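The data blocks that follow each hold one structure.
Below, chain A partners chain B and then partners chain C, in two separate complexes.
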Partner chain A sequence: MYDTPASGKTAVTNEVKIAARKVNVFYGDTHAIKDVDVEIEDKTVTAFIGPSGCGKSTFLRCLNRMNDTIDICRVEGLIALDGEDIYAPSIDPVQLRAKVGMVFQKPNPFPKSIYENVAYGPKIHGMARTRAELDEIVERALRRGAIWDEVKDRLQEPGTGLSGGQQQRLCIARAVATEPEVLLMDEPCSALDPIATAQVEELIDELREQYSVVIVTHSMQQAARVSQKTAFFHLGNLVEFGETGQIFTNPHDPRTESYITGRIG
Partner chain B sequence: MTDQTSSGSFDWTGPEFTARLNKRKRSQIALKLAGLTAITIAFGMLFLLVASLISTGRHAFTQTFVQIEVFLDPAHIDSDEPNRGNYRQILTDTMVKLFPDVVDDRAELRKLTSMLSNGAQFSIRDSVVADPALIGQTVAVRVPVSDPYDQLNKGLIDRETPEANRRLKDDEIANFDLLKELGMVSKPLNRWLITNADSRFPELAGLKGAIIGSFYALMTCFLLSFPIGIGAAIYLEEFAPKNRVSDLIEININNLAAVPSVVFGLLALAVFLGWFGMPRSAPFVGGMTLALMTLPTIIIATRAALKAVPPSIREAALGVGASKHQVVFGHVLPLAMPGILTGTIIGLAQALGETAPLLLIGMNAFITSAPATPFDSSTALPTQIFIWADSPERGFVSRTSAAILVLLTFLIFMNAIAIFLRNKFERKW
Partner chain C sequence: MNDRHIVKSYDRDLEAIQALIMKMGGLVEAAILEAAQSLENRDEELAERVRANDRAVDDLEQRVNEEAARLLALRQPSAGDLRTVLSVMKIGANLERIGDYAKNMAKRTGVLVQMSPIEGSAGAIRRMSMAVEAMLKDALDAYIQRDAELAQDVRLRDMEVDQMYNALFREFLTFMMEDPRNITACMHLHFIAKNIERMGDHVTSIAEQVIYLVTGELPEDERPKADRTAIDAPRA
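Right after this comes the complex of A and B.
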């Protein structure tokens, strides 16, 4: 049932990109994330799995400080990107989010042209000095998003006119346009049909060569297919974290086993 | 349900069930009928309103004129000072020429000259001032008749009424009929309704001053309330911390939107005119007063429009590293714009029809020239309607209705723009 990942099965330990120590997250009085320790490696796909409401998305959104936009949300503990605390006062969340890109559950292209969608990030960060440079960045991003061939002839058409799968790949292209080091994906395929899902999963595997990818998913098959590391969350706790193969074939914790065999969740 | 059907205890065809089904159908039909009745009544009322306005107002869109040959007698006009000539005498002479047998009777003479509008002498004066070479010549001019004769010509004075109760006596009617038989009377479209400012004489009164006054007031209102309202709404919705103070502000804004407009008029009277000594009756001050009233509407509409922008768009922009201000001004505000514009136009349309606050700052003054700047005294459309509705002359009855029709036309026009903008910029995501 659980496909063996085609690649990355060998346990090569990459550099640690993001390290979280004793992370607690509160929504008002609700304790959403409890003492989570996790190390996310570079050039690796890390999957967060777990039942609904277990805190996996919440934790993901701590990694690029997206939770800052929620007034009642409070984050404690240490999250370090390349050894630097991202919640330190010296860190500008706006710059952090350019370095830690994000792809959301529902494809959310801006109601602008395909070109503008991708060019927006590089524009606001001043990454291109000339129009030609910007064109180049946009093309590179769209190629990395595996959508260039489909849209190269209609860059000025609205991004919202694409199909769901194309929109999601456009969003991935938009996220990689700012040259991030980490790519966070919050259930990127949950609104897509199986064919589009397969395309996006293929893309995720390619992206691993350049980025550290963290993906939240409800589909255990997907986690097994695309990730090298898997973290299982349950009721705000990080229950188990390890090699994907080991989690799915030989889980240490009984809760993990119950979940992947379908008894909880 | 499965229990019932499987055990067979529920009878789907029995009389009880059929009765319930019929009852349900009846109440559905009753609901439909009630809705239809409500709509019919609403449309009936609207139809009655518009029909009554048109049936009285249509008379104001035409005006009775009489074509006369006027001899510009050099004895009455000094060619050095053509604007100070005795044009009234010139007109009297003209009328005497038409009715040679009344020369000596001063009362009869006055009756004859009163057939012409008081404005006639001024329009002749104006053409002479423009071209003094006309002095000594005989010119054919078309001058408006005075209000009672206009009413007579439009059939609004009943000839069957006993003479004692009639505004025009038998001989006056006979005089007018004579002119009519001579083919000198015409009833063209009344351009003056739009191109003249107010006047004491209905046949000369027009809406130019009121329209320009309303335009200046609305522009002032828009220029003040649009940026301030959007700014306040953006701050409250996007940047303000959510605490007791912002709650209090929110409640107050909602309450302000419900405050009777006359209260804003009193406030403007006390503050703008009283403390700051701003000019009375000025459209600029009227616009400021209307802005007070429109602000809460715009703030509420803008906040609703900002709230309606899907959070996914904000997240998308934040996700690529846009700052809060870039998110708001680059993405949220453009998407909210159609909603904001619709709210603003509806707020302005409301302001256009607002009377009470303008009365309190003196925009119901009698002013016979259109304002040249927003700081000149002027009336506005609703206050002009108010003034005319109060005037005793018969001609103002139809002019009041006509002015209401003009105001309604502007309102419909503004609402049409609002609908157009909403449909044009509506986005799907």
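Right after this comes the complex of A and C.
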């Protein structure tokens, strides 16, 4: 049997992609994240679970500085991507978000064509010089989003005309079009039916070969299915972080156990 | 950790499946003692009843497995709940095997009562049965109370049963060498003793499941064993 210490280190460890040290987040007077230390590995799916208001989405949004847009939000501590502080003055948040992409709870395609939805990011980041290059980027992203076959004959139709599951995969394609290194997903399947959910989960598993994926989910089963590492947040604290198999069979913290087994925590 | 699930019917399902195991445990405990008693008192009627009662144990095991499968499918238990369901299935299988051994004891008793008794053997077998029954009782108590320490104690006590078996093994060998007419009876008695020794192993396995249930890990240390009959079998 493997001995899995509480720190969550397991036999298989990939390189650390994002390292957070003593991260504290405040919304005005509210202390939303308390002294969180965590290491997000490369080529790994990390799931953040916890009850509503536990801070998991807040923490996720710190990883690509989405909280910058909220005036009363203050982030303290260190978050480093490949060893580089992402809150350093030299970092351009727009460039950072190209590297750390995000997919949201509700599919939110731009009110533009399917093609333009995907091409928008690469265009503003100057990733393509010719139309042919752009076409190639769009196709590659749509293929990686596992939606190419469904939309290849109607790329000029509006993205908003797709089904919910297709829209979400389009948004994932849009997020990967800028060649990010990390993909943040905030409840990517909560608005999808079980089949579309399975398609997105399969996609997440494929994306893991190239990216570091961080997913916030309310579905414990989904966290168990798609992730290799699981972090349990409660009242702004990172209560337990470990290998997903260990968290779901033998959590070390009683609060984790209460939460994942559906008891009042 | 809070004991109660938010969904109350989940608790009822988990309790129901554990109640089945306890019911099985009660029947199996009784079967061990009654089988030994039937041998000591040469009571064919009681032996026959032990054989018939094993059916109920088998049926309960079937129900435990069905309920466990249903719970896994419908509730997707995790952590301690998952370990409860997994351990219940294994303990059910252990109890079913112990029941089978008791049934086999009763069956051999039916043969043995037709022969002249081997002096002292029935008493020794009854003592061995009582030791195993006490272990089983403690293992089931440890299960209900989620007491890993008591389970560990049960695990260590299996060595005493092994030692009793070794002593009986030598005794039967002596009887058979003394008088070949004892061979048939002693062979049956030996199988009975061996069956009780095997019961002890299944009780040990139950105790290990309790440790897994409570701690999330199976005990790693090698369990002390005293059954050396296979290693240094005396040569006649």
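Criterion: the second predicted complex is superposed on the first by the 252 of 265 C-alpha atoms of A that agree within 3 Å, B and C clash if a C-alpha of one lies under 4 Å from a C-alpha of the other, contacts with A are read in each partner's own complex, and residues count from 1 in each chain.
Operating definition for what follows: contacts are C-beta pairs under 8 Å (C-beta built on N, C-alpha and C of every residue); 3 or more make two chains touch, one makes a residue touch a chain.
Only a predicted model underlies this, so the values are computations on that prediction, with no experimental measurement involved.
Student: Can A:Glu257 be said to touch chain B (first), chain C (second), both, or neither?
Tutor: second
Student: Which holds for A:Phe110: it touches chain B only (first), chain C only (second), both, or neither?
Tutor: In the superposition, A:Phe110 touches chain B alone.
Student: Identify the partner contact of A:Val138: answer first if only chain B is touched, second if only chain C is, both if each is, neither if none is.
Tutor: A:Val138 contacts neither chain B nor chain C.
Student: Given the touch rule stated above, what does A:Val213 touch, chain B (first), chain C (second), both, or neither?
Tutor: neither
Student: In the superposed arrangement, which partner chain does A:His125 touch: chain B (first), chain C (second), both, or neither?
Tutor: In the superposition, A:His125 contacts chain B only.
Student: Which of the two partners, first being chain B and second being chain C, lies in contact with A:Ala224: first, second, both, or neither?
Tutor: Touch status of A:Ala224: second partner only.
Student: Could you tell me if A:Phe248 is touching chain B, chain C, both of them or neither one (first, second, both, neither)?
Tutor: So A:Phe248 only meets chain C here.
Student: Once the shared chain is lined up, is A:Arg174 touching chain B (first), chain C (second), both, or neither of them?
Tutor: first
Student: On the superposed three-chain arrangement, identify whether chain B or chain C touches more chain A residues.
Tutor: It is B that touches the greater number of chain A residues.
Student: I'd like to check the shared interface: which positions of chain A are touched by both chain B and chain C across the two complexes?
Tutor: none
Student: Going by the contact rule set out above, which residues of chain A touch chain B in the complex?
Tutor: These residues of chain A touch chain B: 64, 66, 69, 71, 94-99, 101-104, 106, 108-111, 120-121, 124-125, 160, 171, 174-175, 177-178.
Student: Sort out for me which residues of chain A touch chain C in the complex.
Tutor: Going by the criterion above, the answer is residues 1, 220-221, 224, 248-251, 254-258, 260-265.
Student: Taking the complex as given, what residues does chain B use to touch chain A?
Tutor: 241-242, 310, 312-323, 326, 330-331, 335, 427-429
Student: Residues of chain C touching chain A in their complex?
Tutor: Of all residues in chain C, those touching chain A are 1-7, 10, 76-83, 216-218, 220.
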